[in-house]
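Chain nomenclature is as follows: A, B, C and D, assigned in order of appearance, with residue numbering initiated at 1 for each chain independently.
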Amino acid sequence: MEPWRTAIATSDENTLRIRGYEITALMKLTFADTVFLLHRSRLPNANERRLLDAILVAVADHGSGAPSCATARLAASGNRQSLSAAVAAGILAIGDEHGGAGSACMELIAEGLELATAEKLSIDDAARRIAQSAKSEKRRLPGFGHRVHTAADPRTYFLFGTAEEAGVAGTGIEFMRALNDAIAQTIRPLPINIDGALAAVLFDLGFPPAFGKLVFIIGRVAGLTAEVAEEYAREKAMRIRIPVIYDGPEPREL
Amino acid sequence: MEPWRTAIATSDENTLRIRGYEITALMKLTFADTVFLLHRSRLPNANERRLLDAILVAVADHGSGAPSCATARLAASGNRQSLSAAVAAGILAIGDEHGGAGSACMELIAEGLELATAEKLSIDDAARRIAQSAKSEKRRLPGFGHRVHTAADPRTYFLFGTAEEAGVAGTGIEFMRALNDAIAQTIRPLPINIDGALAAVLFDLGFPPAFGKLVFIIGRVAGLTAEVAEEYAREKAMRIRIPVIYDGPEPREL
Amino acid sequence: MEPWRTAIATSDENTLRIRGYEITALMKLTFADTVFLLHRSRLPNANERRLLDAILVAVADHGSGAPSCATARLAASGNRQSLSAAVAAGILAIGDEHGGAGSACMELIAEGLELATAEKLSIDDAARRIAQSAKSEKRRLPGFGHRVHTAADPRTYFLFGTAEEAGVAGTGIEFMRALNDAIAQTIRPLPINIDGALAAVLFDLGFPPAFGKLVFIIGRVAGLTAEVAEEYAREKAMRIRIPVIYDGPEPREL
Amino acid sequence: MEPWRTAIATSDENTLRIRGYEITALMKLTFADTVFLLHRSRLPNANERRLLDAILVAVADHGSGAPSCATARLAASGNRQSLSAAVAAGILAIGDEHGGAGSACMELIAEGLELATAEKLSIDDAARRIAQSAKSEKRRLPGFGHRVHTAADPRTYFLFGTAEEAGVAGTGIEFMRALNDAIAQTIRPLPINIDGALAAVLFDLGFPPAFGKLVFIIGRVAGLTAEVAEEYAREKAMRIRIPVIYDGPEPREL
């Protein structure tokens, strides 16, 4: 078998380097620096790091009942031999529907800005077109609305405010604000949710869309480890049995 | 890298063999034959196959609320991009506590029979010793009792009856019956549950203890695939939110 | 929380039923019967069972180096606390690219037959249209060709022959044969591989496309359990280290 | 079903709190602060945060060939539908053997210090006893020695130096240094590896042993996400096929 190739990390008996930097040099910095470095092959500046930290914190946990946390706890309920099995089960509940709207919204932003460029539209006009076509196709736009937070999400204000203050706000945030207005006019007022906010900021920081999902996984794993530790510490194995009503075929004979 | 070594399967452009048999020859037989072959490197006789089939069926599914099934459905609730992710999540809930008692009971049977041999005891006496030490150490014996089925599990009758009828019942079943009596005298009447029944039969069929857990995984994956298919077909993504009461620190400031 | 609803299985303290049948009645039948029942809500006839058995066997294992088997062994190499973790890791390697072509091919068959109906074409003509558009769009058709087996896969002959002999061959097999000819004329001779064969047979048996992937998972889990058992039995933990060449940034200072 | 109980996080339509703190307040801090808060229910001071950051960075990645990274890449090779499936597969390779020695070493430290207290021994004498019994039982001590780094791991120097400089070094580091000396005298010089170093520091920071494994999972997920992103970006699906030699039964007939 040909050796695999990687540009991420290398180690031998004397040294361990990530993207060319000695691990002991990186250990003087923060974890967010290394997350940024692993994904961008350069270290962030202070503002980039601050925003990445804020996003990782924003998605860490918002309650044991969310699919990822509940899945981890259920797995821990039946299998106490492997902490990693329970954490991995939690991660498996993360997809386009749970934790994935950030990725989809980053693609939407890219699409909107490409439309503006291709058709020589203002960002406002491009946003209106996107909102109108979503309305006519009855398509839900990722990054807007929330099952619980019907008002604007305070995390959105924080991320946008920090990005603007730090001078890293760009066309991503501009487009999301424009789309927010366009949706309010075309459909109905829908707040930019945390997925939409992190999508705009990650877009302006230069991350690719897939990172919208990966950053959710990295941040959420902090919460999942705490959920699993709490399940082990406070609960007996097999304590969970979901109530179920059977509505299938009546009793029958072979 | 050195090539790995395996005694399981091999294929080239003309042929595919499992344990030396052409795949098209095996395709004339049943799946249980191939499961047996993969794990024992020989084909089963008709009675062995019949018992393995019965065990695989016995563990396939007993309700969507069990940890493995519920974990798979929860993962499917958040992540609709990968059927295998949801099935894998369900498997991760299988451990010593859920689906693992068969393995533990096979080890218990081996321990009991070794005790009988080492101490020149009858199987009945060895069983009594095991029951007494479990009582004095307040240790729960795997394979006995059930959260739901307080009476004897009908699956146990079926497996033991079939094994005896087929002439494959051996010291595994003998020991479990003896232990059942000893527990009733020493502790209180506790039925042999499905884990205990499959453990005794698999022991008599010559399987190693780990197979007690693996056979549960193989059988249960049939149920998990049906649970995931039903979740996709009948339910919207994100339909599940487990109710949670927060009892942690009061609201506080940094 | 509202109870969940299911039409699959139900159990109480006296009974356990799958799709309405008592588990002890099902335990007299084969595992393939229960797989069919779980997914179709009825028992198969002898021919349907024979074909499902053949498909489950066909995909069980074809070598430790395939992504699913190798992933399971690698996970077992680092984590010996949980058999289910290693098996689950193997399942996670199953997707559209590995084990998923059967599903895609079932969708292709449905598309081809709908085209025939909609445009009042013969099956041969519909197949030619599909082959031509695949050629002009440089799209690979699922179910044809193989990395290793360049000649026709013997499993394909077996499945088609058995289906025809049993009288269950229908428009699925007819369309795949027609498409095979059309591809040979339009592109170049490409054999129907095992994914194409099982897709055609499952289509004719009335299964939905998703089952093409689920049946691969059910069959392959038999192989994965054997691979993991062999890894535990024959190999030390941490024996595997994949050789890697680093081609990233040169050593650099902060 | 009774609602679950948690002391971790709570959210309603207006607010989201972790351990009582508003999420937007936490977003001003770093991710390491939130990791610490999630697991300890209080925020760290600057030195505690600095050490936790250093540990998270230390375990993030040390090459694509390690079991966790290679497992993630293999899963991505066969399944491109779910980033989370590939990351989860990588986490499943984490166990006592890979990433778990930190937990085991934290238990060893606790055991050594309890021995010192119970037997009124100095820490040096307790360490000597542990080393001697490991030698006579031919038991490997977790936290010492390395397959690649035969000299002292530079990460160990860094962590111990930082802990001492910061005034958080306690009996954990003291015991590990004593055990290092005792092993050199009793067995042979074996360096304290990164698992031993992080175990000593986490012990002195007051974390429970399970966190030794959980912190590895949190740190490593950063590397796994980068490995999976690189696999998607640089490699075709199904590019990996591990070379395997078959040494099982010869070709045979049914």
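The rule we apply is simple: a contact is a pair of C-beta atoms (placed from the backbone, for glycine too) under 8 Å apart; a residue touches a chain by one contact, two chains touch by 3 or more.
Source: prediction; values computed, not measured.
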(request) Look at the interfaces A-C and B-C and say which one is made up of more C-beta pairs in contact. (result) B-C
(request) Could you tell me which chain lies farthest from subunit D when each chain's centre is the average position of its Cα atoms? (result) C
(message) Based only on mean CA positions, could you tell me how far subunit C sits from subunit D in angstrom?
(response) 37
(message) Using Cα averages as centroids, what's the distance between subunit A and subunit C in whole Å?
(response) 31
(message) Centroid of subunit B to centroid of subunit C, CA atoms only: how many Å?
(response) 24
(message) If a residue has to touch 2 or more other chains to count, which residues of subunit A qualify?
(response) 1, 4-10, 22, 26, 28-29, 63-65, 79, 81-82, 84-85, 88-89, 92-95, 99, 240-244, 246
(request) Quick one: which bits of subunit B touch subunit A in the complex? Just the residue numbers, please. (result) 1, 63-68, 70-71, 74-75, 77-82, 85-86, 88-89, 92-100, 147, 237-238, 240-244, 246
(request) Under the touch definition given earlier, write down the residues of subunit A that touch subunit D in their complex. (result) 1, 4-16, 18, 22-24, 26-35, 38-39, 53-54, 56-58, 60-65, 73, 82-85, 87-89, 91-95, 99, 148-151, 154-155, 157-159, 208, 210-211, 213-214, 217-219, 221-223, 225-230, 232, 234, 240-243
(request) Flag every residue of subunit B that touches subunit D in the complex, lowest number first. (result) 1, 3-10, 17, 19-22, 25-26, 28-29, 41, 43, 79, 81-82, 84-85, 88, 92, 242-254
